[in-house]
Each structure stands twice: as structure tokens, then as C-alpha cells.
Amino acid sequence: MDVTQSPRRDEGTGYEIRPPQYKSELVQVGRSKPMGELLRRYWHPIGLASDANGTPRKVRALGEDLILFRDGAGRAGLVHARCCHRGTTLYYGKVEARGIRCCYHGWLFDTQGHCLEQPCEPQGGLFREKVRQPWYPVEERYGLIFAYMGPPERKPVLPRYHCLEVMDDGEFVETDDSSLGGGGPQIIPCNWLQHYENVVDPFHVSVLHASFSGAQFSMAMAAMPEVTFERSPRGVTVRATRKVDGKTFHRVTEAVIPTLRVVPNPRVAQFTRVESIGWVLPIDDTSFRIYVAGRSKHPGDLGRMRSKFEGKFWWDMTEEEHQRHPGDYEAQVGQGPITIHSEEHFAQSDRGVLMIRRMLQDQINIIEAGRDPIGVTFDPNVGPVVFEAGNYIREHERE
Amino acid sequence: MDVTQSPRRDEGTGYEIRPPQYKSELVQVGRSKPMGELLRRYWHPIGLASDANGTPRKVRALGEDLILFRDGAGRAGLVHARCCHRGTTLYYGKVEARGIRCCYHGWLFDTQGHCLEQPCEPQGGLFREKVRQPWYPVEERYGLIFAYMGPPERKPVLPRYHCLEVMDDGEFVETDDSSLGGGGPQIIPCNWLQHYENVVDPFHVSVLHASFSGAQFSMAMAAMPEVTFERSPRGVTVRATRKVDGKTFHRVTEAVIPTLRVVPNPRVAQFTRVESIGWVLPIDDTSFRIYVAGRSKHPGDLGRMRSKFEGKFWWDMTEEEHQRHPGDYEAQVGQGPITIHSEEHFAQSDRGVLMIRRMLQDQINIIEAGRDPIGVTFDPNVGPVVFEAGNYIREHERE
Amino acid sequence: MDVTQSPRRDEGTGYEIRPPQYKSELVQVGRSKPMGELLRRYWHPIGLASDANGTPRKVRALGEDLILFRDGAGRAGLVHARCCHRGTTLYYGKVEARGIRCCYHGWLFDTQGHCLEQPCEPQGGLFREKVRQPWYPVEERYGLIFAYMGPPERKPVLPRYHCLEVMDDGEFVETDDSSLGGGGPQIIPCNWLQHYENVVDPFHVSVLHASFSGAQFSMAMAAMPEVTFERSPRGVTVRATRKVDGKTFHRVTEAVIPTLRVVPNPRVAQFTRVESIGWVLPIDDTSFRIYVAGRSKHPGDLGRMRSKFEGKFWWDMTEEEHQRHPGDYEAQVGQGPITIHSEEHFAQSDRGVLMIRRMLQDQINIIEAGRDPIGVTFDPNVGPVVFEAGNYIREHERE
């Protein structure tokens, strides 16, 4: 048989795939990388307030290894893990009244990295003011410790949020560090942007969290919504509308640059403004975690938002059950440690993802041009940020 | 003492070893690598027929991550693991009547990668014909699923083999995916060529499988053979002759390009044509597995070919027992993840290894010149391949 | 608020850290690296005498994989792990009267790498003298096997040490391979230099081993000493003086190039010359181990030098106990697999570390200039090395 007479040649086979590439400028979080520098213009939560105490605690954020502690005066300190003297980790240090002391030669540093003692040096260290343990400024709010890891002259004020400042009756702010909303364990082994994009992807809810795995959230969420995406003064706002029992269910979600998830309760316990904020903390290029603060009426309310499948938490499910009931964790970690952008094919329902990526790229361009990125303010008297996000219902809508 | 009077200088010490190198063109199996392209001109088994079913199954072959499934019409499908939409692995997909559906946004693909549904898109996806999930053609034969991962215009016909087509009385074809002949576990952590070369190395049988570890095969195999090596129209043919009890034992083994082991039963249960074929599947550059199909009279006959040492299977042996009774696994994995070709010293008994390497290199040159490699045919009516391989005895040989 | 009016800009934050770098010339131990070549001008212990026996034993030293064995004539052999024929590891080889035999094709090598048999070759291998298994010369002394892995024409004599040659009443030489002095397990996962520098750092004793973790050694060691550092004809000598109960306690420690720890008993059981020597063996760039030989009166005396914390050995302590009671292991492994030299800040108490680094660098320059480094001799009749090291007391010192 002549090869030219063979049946029609196969089209679209894997043989044609181009070499894989990802957009490094959007995903890499290290110092001096474009996204790394953008992220360093904002405050990030790096622990619960209670994580800072008399025992040095390892923290990894934006690819940097740090140690968190709290001195005798109650001040939280966040320092470079390597002692500036000879590089031993301060994880083995001792927390004292005035700071943290390295185990190796006993240098003592305060929460701002000043070297207070050098016990092996003549007269306790005549030149100890010449050294400084690398440190980062921290502030505590909403039960979390926030750190600013960027250029000191660009340090903005730590924002306040209306949804966490103004309580309804009987409410208080509760905090969670278990990566609520990530759909899996506390440390999630893929790039942070794979999760963050998901915030502006309301369509997947009707598939991944409904028809596919069984309705994980409320029935109200199962219907395919009508959606608009819009740039806000702080990120991307997603407005999803579903008709349910003759009523109109409006759900507004916001992605606030650089990493905030402003997502109303997907279980739609009540129709009201958003209850909680999640901060996606990039640990490094291939892992992240989520801190959440929210209004709560009973301790543990936040944790009760966590999804279960057939009565089981994620960590109790078998491999086979994960395969049958995938959630956000499977969908996002299933994209690989860093997804391959060169192999993506966007459709209309991906408009939100495209919008947030463009907006992030815009901010990168802005800081490279020497300006400050969106949402940053240096005015300590600025009021709290008010979100549009929430679940809302309209009984008798005309149109 | 003057250093010039010191005793004779040590010769041949390890200090003189040159920097290690391997022949990347012969071992690397990825797309666009010389050997990767050669391997992609042939069909390879990537699973048992039963592996394709209603649960998505991970397959890794030639360095590519794929998903195997079987749709409701009974068609096996082999697709790129990453969904062409947003990159989520189809391992978490759902197998349906018409194909496999991604968990994230519900895109549905048939076994040829056509996108049949995009539930999050307006009107189910007006442009869904513009995307295609990368896929590979598969065919089923001998209880195995074969895939063709090369350039579509070069897809040959899937060969038939006389030894698996023409049965003796009471025989049927049995299949095994446990890497029979590899001497160890199912996934063997070294480059495939280290194993494949072993097929044309009949001398090691008398050492590794006889004098060294105790006769692992039959006594007939323990004697050092006389051997000739010859290029065949499909690879290298090895003819080993041993005198046993006044009879002449002829054993013919074939290495068929690119990865076929055509090796008669080393236990020499009977003197006859070869009973089975093994396909060495390179998983990636540093691991491989073996699929075997053979004529059998009783279910499980194939599995009973597996070697035991002191009554134990490989996986039941202690480290110390492996050290005392090494087999093919230890000898080949003991060469390292990829052996160091720059440190080899060939001798006369290595003629077969040199011959198969040259022949593989010739085929690489042939495809780079735009022609088709050895053993490839595009004629669907071509007859089955007849091997010379087998164990044969001659009682009264004159010479 | 105008950003120019903001509070004083934070100084010394982690944002200013330069990209990390280490001094590769001082830490890398591989062939052709500056330090690798310096280390290869000396003998190194690679096992206990009893480690060489009829079972091939894996040895990794200076980044090279080797096999240690002892032939039937009692000769220890140290050969490259990869058989020079086809690269199979000789770990699966068989030790015989005349040498070690490879499992794959049965080539037999003597302790100097000569190929004695090639059973698969015609007439047992007519050309077997053309190949040589890479090997290293070894010598046995003090219960240890020493290897020379450098250029053959530069092989020095294996040194003798007075402290191990001249016994006091009832003493004998005892040997230990458990990395005594390393403060942790047998294999320590960081660069060897991080440990070796510690030998010339007497100040850390008063912190790490006293005030910080609780007095790990004797009380006599807890006081901060007065210290002088001096280059000796073989390395760096550290003389530490402490006033204890009106007496003067002199402690002399030596770092002998390239890797010798000549450290008097830190428990100061008696005031006398140094009892033992430790050799730091770089396994590769990121791990090392320590062999010790010392004078002993009772079997096990050496092992009883090992530190305990609250009655527990290092390997029995919890993570939390390690954090509360760090020792040499935590301080040195806590510097990372290879410490970051670009982030160090030296003070006066680090003079010894600077001195030994400079001295090592000098030796590298010397061998690059074609000369022999410090401490090397080619005279087989040279006397044993006499150390100054020891713990000494002076009751009535005038000054």
C-alpha cells in the first residue's frame, strides 16, 4: 500500500504539543522577580497572633525562611532565619525578655534586628551596632500577624476592612490558619496563582462543586449563573446571578489584589454582606496556604465552613474517593506544581481569569515604572475598605 | 628520602577517571530527542486491555503523562493528562458514554480528543471545535493496548507476530504487566537501554544466572555457550550453542527494534519456538517497565516464569539476600539511573551490545534523513512476523 | 499624608539581603575542585578495619562511590563502585581469595584493580591486562583503613601520631565510627567545613554547650576563656585559659590540616595530653562523618564521651527537646547544607575560623603552584607527630 493512500492522517495528537512554558513573571514570588516585587508592596499574614510566642517558629513566605517569636514585652518579631553572625538558624534560639538569642555564640537580637549582646566578644561586643539581623516589620490585626517584606520607603499602611470592623449583634472576629477554601491540607503544593484565579471563576462552582462531585455547597449554587466581571478600585468584582424558585440570587465575589479572596459563604447560610476574607500566602513558587478572618457568632463557625464528602474530611478520604469526588485541591494541584500556560485554551467563561492576570501584569508594569500599585495607601487615617461582596436575594424582581 | 626514589607510582587509580558522560542520543526518550523520535515511529504497549475502563488511569510513557480510559461504546482512549482548557489533570475526570469529562469546568472529550461539551460556555460552547484535547491513537491486540505517539503521517500498521497468532493445541494468549524478565518490581528505576542491551548478552546468563547466584534457570543454561550475533531484518539475532549430555542445545534469542525482547523460556521447559514476547516500555529516561504476551496452556503460566531465590520472590528478599543473589535487576539498576558510557570497556563477549547500539544509531540516522526505520510497514495486509527465536535440541549432530 | 512625611524608614530589613553565595573553593570536595584537590593530597579514614571483609561494603568519600572489601589473603581493597567493564556496581560482587568478582559477567579484580579473570571471554580473556578497575591505595592503622585518593606521584606517607603510639599504663587504642563530636547521627547532613571550623571556635563552648543548653561538659568549660590562636606547622593551635577555683585551666586544641580534630576531652576527666584524634571525612559537599581513634583503658571509653541531654541520646530526643537543647549538630546543620558565606559577619571571637580558612586557601594556592601542602611528608622514617593539645592545670601561677 502506498503511504499516500493511507486513511486520513490523525489530527490533534499529542505529538504536536509545543514545549511547555509558564508565565514566570506572574507566578514567581522570590525577591527581584516581577511578581515577587509586586507582592512585596503589600502586607501579608504570616501567622496567627498566637503563633508568636516564647518558642521560635519557622515561617516560610515568598520563598524566604523566617523565624517568628514574641519577646518579653509582648512584641512580635519576624527575622531572617539565619543568624547574621555565622548563619545558624534562630529556630534553635532562645526567646528572652528583650529578643531572641542565637544558640551558637549567644548574640541577642531585638524584634527589629538590633544586636543587643555578643557574649563571646570583648566587653560584650564593642562593635555590635555594626551588625543587624535582617528583620521585617509586623503588625497585628484581626488575630493575625501581618508582615511587610518590601522596600522600606514604600511601606503602606496595613488596611482595615469594614466587614471585619463593623459587627452585627453578637459577632466577633474569628481566625483560621487551616487553608479554608483551599479544599485540602494546610500547605497546598502548587503555585498560589492557580488558587487565586479560581476566585474569579464562578462557573467551576456549577461543575466541580455541583454536577460533578455532587452538590458540595447549597443547591442555590448548583445552577449555572449569569456572570459579569468588572475591574474595581482594588481588583476584580464578579457578579453572578441565578434564578432560584422565582427569586433572584445575586452573589458578588471579589478578588482583591494581590492575594485576597473576598468570597461570600458558598453554603449561603444567610443573604448578607461577605462574612470573611481569605489571604492567599505564597510560601514559595510551588506551595501556598490561606489565612482567613471572619465575623462569627460561635467559636468554630469558620471551621464549620470546611467541605466534607460523604461525611469525610479531605484528609480522611482514600485516593479512590478523591478521584471520585474532586474539589478545589484536586482541580488546582492537578494543574501541576506550576501550571503550563502555553497549553491553555481560554473560553468566554474564563474572562475573570484573564482580567485578573492582566490586572496583575498592569501592577507589575506600574511598579517597574516607579509608581505604587493599586490598593496601596500611605495615609494612616484612611477608612476601612468596604466590599461589595455578599450573597443577596431579591424576591420580586422585574426586568 | 627523595620523592624521586619513592616506590613505583600507583597506576590505574580512581584519580585518573575522566568526567562521566553517557550517550544521550541513545538513552533519552523525550519528544525531539533522537531516540525519543525513533521510539515514536513504533507502536508501544501502554496497558493491559483491562486497564482501560470507567476509571481514569495514569499512564506514563516516553516521558509523557497520559490518561487511559474506555468510553461507554467500549473504545479505549489515551489522552494527554492535562485538560487542554485550563490544565487540570483528567485523572480526576469522569468517564461517560461518549468520552471523558474534566472535573474543573466539565469539558467533555471523546477518545480522539474532540471537545463535545463545554457546559460553562454560552450554548454549550459555540467554538468547541476550535480546541482539541491532545490524544494518541490506540489499538488493542494480544490483551494489550498499543499506542502510537509519533508523527501522524508516519503511523505504521500495528504488527502481528506468528508466535502469538498460531497456537498449538490447547494454547491461548496470556498477558502480563508485572515486568517479567526484569528481575524485580513492576517499575524498574533505570534507563530502558540497560535492560534492552541485556537481551543480546547471552554470556551473562552463565555468570549472573548460574555460577554467581546459583543456577537460576535450567542446568542447560549454566554452561558457557558458543555464540554468533547477526543483524536480522528486524534487529539482532543471537545464536547460542551449548553441548549438554552429548546433545547440542541451540538457543536463539532476538532483540527486535526498537524494544522487543524475543527470548525463549530460560527455564527451557520444552524445546520449541519462542513462547512469548516482551516489550520494554521506557516510562522516562530513568525508568521502564515490561509488558509480556505469550502462548499459554494454563492461566498463570507466564507468571510462573518469574525467578525465585531460595523460594522467595524478589520483593520478599532482604537487602542482604539481594546482595548474595543478584539478578538482572541488581545488575542493571546497579549501573545507575543512566549508565556512564564513558567508563565502559567492551570485550569480545559484548559484540551483541555493540551491534544493537550501532543498529539503533543507524535507525536514528535513517529517520533524520527522512526515511522510515527498520521493521516499519504501512501495508495492512502484511503477514505476521516470524521469529527464528526458540530453544532447539539436536540429538546426533555431525559437523 | 505625604509619603515624605512618613515615620523614619525601616533600616536593616530582610529586603536588603544580597543574593546568597558561598565560597565554593573552600567547600566543594569533588575531583578537580580546589578543595577537592587539596583533600586528595592527604590520607583519609574510610572505614574501620573490620568494615573490610568478605561482604562488599559501600563507601562514599569526597563525592566518590567506592566499594571496600578484604580478599582471602587479608588485603583490604578499595575500588570504584562501577565495574570497569559495563558499569554494574561491585556492591553485588563476590569477594574471593584473590579479589572481588562482578556479578554481571564475572570479571575478577584484585585489590589493585588488576583484572585476573574474564570468564565470558575466549581463553579467559587474552586482553584482560588492558583493563584496570579504578582503585585506591589503602593502609591500616589505629583500627582504621586509610585511603589515598590523590595523584599517585604525590602520595605521602601515612602519618603516625605520638598520642596514639605512646601509651600510658593499661592503655590501648580504641576506634569509633559513630561521628563522636558531631553531636548527632553518624551521617551529618551539612558541609564538612561547618563542623571543622567549629574546632577552632572555643567561645561557642561557653554558650552552646553551657549557658544556653545547660552545662553539657564540665563546669570548668562553662566560663568564658581567654584565647589565643596561632598557626602551627600543621594547622591552627587554640590556647584557651580559664581561671577556676584559683587555678589556671589551660586547654589547647588543634585543627590539623586538612580535617583533623585534635580536641582534648571536653568533659576534662583528667588533666593530660590529648587522648584522641577525630578525622572529619567529607562524604560529599553536603554530608560528612567523623572517625575517631583514641587511647582508652576500658572498651567503650570513647563512646562514653558522647553527650546526653536530660539522660537522652540525641536520637532519642523529640524535635521539641532538640529545639530546647541544641548542640553542635543543630548549630552546624542549622547553617544549612552549605552555609551562605556572603551573609556572615565576623567578630573578634571568630579569629580562629578566619585563620583556618586562610590557611586552607593558602594550601590550595600552594598545590596550584605545584608544591606540596602543609603536613605532607614522603619520608617513611619520619617520627610521629607530637601535638601540643591537651587539658592542663597550673595550681600556683605567677604572672
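Things to note:
Order of writing sets the labels: A, B and C. Residues in every chain begin at 1.
Here is the rule we go by: contacts are C-beta pairs under 8 Å (C-beta built on N, C-alpha and C of every residue); 3 or more make two chains touch, one makes a residue touch a chain.
Bear in mind that the values here come from a model prediction, so they are computed numbers and not experimental data.
Rotation angle, subunit A onto subunit C, C-alpha superposition: 120 degrees, expressed as a multiple of 5. Comparing the contact residues of subunit B and subunit C by number shows a mostly separate set, under half of all numbers used being common to the two copies. As a whole-number value, the distance joining the C-alpha centres of subunit B and subunit C reads 45 Å. Shown for subunit A are the residues that touch two or more other chains, of which there are none. Within the complex formed with subunit B, the subunit C residues making contact are 31-32, 40, 55-56, 64, 66, 79-80, 82, 84-89, 91-92, 94, 101, 103-106, 112-113, 118-122, 125, 127, 130-137, 149-153, 155, 378-381. By the touch criterion given at the top, residues 1, 3, 6, 9-17, 19, 203-204, 206-208, 211-213, 224, 322-323, 326, 330-332, 334-336, 339-340, 343-345, 347-350, 353 of subunit B touch subunit C in their complex.
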